[in-house]
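In the two complexes that follow, chain A is the common piece, with chain B as its partner first and chain C second.
Here is the complex of A and B:
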């Protein structure tokens, strides 16, 4: 072949791509982001959120501190709540996640024994401040179980089934042997 | 140096020192080349590394074994799946863990898909270095995106996958995984044909790449090169064939080798390797069995990483990552944290021959020599 044939052959490829980009979605793959969006993948993970069951007071988190210990970059801070007598309660007083440190690995949701923390799909979180604005507190992190079922239907169904079975077992255990300590009245919610 | 002498007889000349990088798009990240020039010819080249040092190895000594897994994603951030793979095999070797059949197959599929991603992207960026601005690299990005979509659907993240666990995988693949991989297997050869039509016989590319940056066999072996860099010099050395780690002995594939060891060989060997990867994918996807995706002990270790201990001792485990031999060396003192954790990073060791490749060539050749080594600074500096 004559010199320059390889270049010309390459040019036909670019020309073919150029022309076909008007007709074929395969060739023109650009998505005009803010106006157009790709469908979200269910397993997509970004930052963690805390889950509550019916109302925001019913946090699933019992402040066991496992996620904070397992978190590789140590972005979770938990302080356990206590009543007036100083007795520790099974709920967090402070639950902070610093999103400027979090690296979206998803280990917190894997190790949580109470299915209380899950990875969110929310990714448009730009802020002006560098430090405090991205340090999300407990109230910012709370999201309902319905929201979880909306963004991750398969995982939510699995978790709900697991929790229902656990509740059934606990109820069965209670009917067999009544607990030594009488059930406590609901605590007044702080913050 | 003979260039300097030749010129000094006629006219007094001086060498010129040029810093290429660290803020330079052709250095693929924050890498500095300290080049001494005689006219336009390179007489000395000093690579300066460490701008992206993030303490990876020391960090790993202060956290649980699983805690380092998401950090391995960030070594070579283009092929996080193979980094996970290498680390998981190292821990499994120490803990004597079994990996279920299905997990093995999914691991192989993910590793070969990663090889496709890496080689496609490398060729795109190599052409960028040659001055073919962004047409080839955007074609490469277009195809890579299809594989990254698959990674996102399965592992949850496009690049920082964090998908492997000791003794298996984080989670089973989704229902549409196999059709999606089939689609990639069917479409990728067409794309490679098109890519080759665009590039392989291009006279400009041949003139720039052939007989440039030649590495001899001896130098390649003595410098400890691995991966496509070594095979391009004509040494048939592939850890997949030699160690038969995981279940690579079940697949039929060939190891392409080059002749001269120039930039063109290193370019072409990657095209051939991608074709072989597609063969492996094709076989793996046909044979993939049903079953568990993680062993029982592995599931416990993934759920409670803080209690996961390795027996006293050490282990070195290596795999054929897209860039070369990626190895993890672990020393355990019996606690939940590694006593020593070392990464044998292929792009770091392949980078050591850069000066030998560049001496006597022009500055523009140094750029494509660097591009053909296939470095990712996340892995070089760690």
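Here is the complex of A and C:
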């Protein structure tokens, strides 16, 4: 081809882009974020939340402190609750996660033996304050099992099946065979 | 409708005449023109930035700014506020006075050029008898202030940019001036108004062989003159940070941009005036024709920006000295021949000469692409 043909070819390409971008929606790959959103991916994970079964009081967390110990940046603070006599209870009094420290790794979810903490799909977590506004307390973290089933149906089905089986086994052990041998300490569930 | 702006001005002057002495009327007349230009220039610049971002965005299949206001129409205002509130940084070793002076003064020639642009029939601030000369003189002074800015910054990238700018301007000024000569030969006047009036009807100069070549020459050199892509070597981002305005921030930086965009507008306006018949055109009011032509040329400049990569320095210089300059000289000769012969003959003769010269220049300038070397021994079986 003649000299300068490449320039004309390039100009045609850009002009075609310019004109057609007004007509074909496929050319514009931009997602106009606050108005339009991409569909959420099920495996997407961000900030953790605490799961409860039926009502917010009976959350699965037993305040074992494993997640707080495993957390690499140490963003979880747990204080065990106790009754009036000072006897420790199997529920947390304080459960704080500091989002300014949390790195969304998901290790808390992996190590939890009670399936009590899971990673969320929530990502619009910006706040005006740097310290107390980003420190999420127990009440902010509580979310229901239905919510979990909604955002991550595959994982929720798996967890629910496992918990149901465990409950059935416990119930069977309680009714049929009174413990001849002392009950096995609960094995940490591997996720 | 054609004379709407002129009528408004006359109405204001007539109203003022009732209670002001006569000598103030002349001052008021000047003041109105100056105010109109001083408002029009910066506003044009603001919206050219938006237009450029929109067009380049669409060329790259993006939306461009569309968040501030409807269609992003308030984006220039937001940018202005941002620029005004930014910190103004002056390097410790800079020449403080020159560093301050350069961005301030660079806007002045850009604004002054607007004085000789005929925006419509009777819509020119001053009908100078040396209008085109005035334009050429002022547009080349911009280079001095670019170099002052580069020198005052005391930064090697700035200085490189400034020196590139000087080299580029010197090279492109010559074919630019020479490409205007044919128009002056035909019209016999430097005045922008009489140049436009000589192209009445559809006798625009671009429709003649010499006019077409002159139009291309002047437009290309004009693009080079205002440092726009593909001739933006003085501010080549990928090579020398930002060229001459590396050390500028905030409003001083914005002033450089203002000068560049106002020059873009005025170059397009002058190209339209010289070759595309200025405000001449059927049906529509004269000033609408003027803006249609000017913005069409601005669109082409932005289209260049969205398409072409930056030239290399040797390509830039070679293009100016080995292609544009001979062609401009030939074009002057051709225009003389055009004026000598009668109408049917001169088209044929000028077209033939120009076609011949273009072919010769093309063949002479053709880059020699070496043949693919075959290594005889390496591939021997």
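By our rule, the second predicted complex is superposed on the first by the 148 of 191 C-alpha atoms of A that agree within 3 Å, B and C clash if a C-alpha of one lies under 4 Å from a C-alpha of the other, contacts with A are read in each partner's own complex, and residues count from 1 in each chain.
One rule holds for everything that comes next: contacts are C-beta pairs under 8 Å (C-beta built on N, C-alpha and C of every residue); 3 or more make two chains touch, one makes a residue touch a chain.
All of these numbers come straight from a predicted model, not from anything done at the bench.
Legend: residue contacts after superposition of the two complexes on their common chain; A:7 is shown touching both chain B and chain C. Contacts of A:41 after superposition: chain B is touched, whereas chain C is not reached. Residue contacts after overlaying the shared chain place A:107 against chain B, while chain C stays out of touching range.
Once the two structures are superposed, chain B and chain C can be ranked by residues of chain A touched, with B on top. In the superposition on chain A, A:29 makes contact with both chain B and chain C. Of the two partner chains placed by the overlay, neither chain B nor chain C lies in contact with A:176. When the two complexes are overlaid on their common chain A, residue A:85 makes contact with neither chain B nor chain C. In the superposition on chain A, contact is made by A:17 with both chain B and chain C. Shared interface residues of chain A (contacting chain B in one complex, chain C in the other): 3, 7, 10, 13-14, 17, 29.
Within the complex formed with chain B, the residues of chain A that make contact are 3-7, 9-10, 12-14, 17, 29, 41-45, 66, 69-70, 72, 103-107, 110-111, 119. Residues 3, 7, 10-11, 13-15, 17-18, 21-22, 27-30, 32 of chain A touch chain C in their complex. Remark: chain B residues 63-64, 66-71, 135, 139, 142, 145, 149, 152-157, 160, 162, 170-171, 174, 194, 197-206, 302-306 touch chain A in the complex. Those residues of chain C that touch chain A in the complex are listed here as 55, 58-63, 303, 306-308, 362, 365-367.
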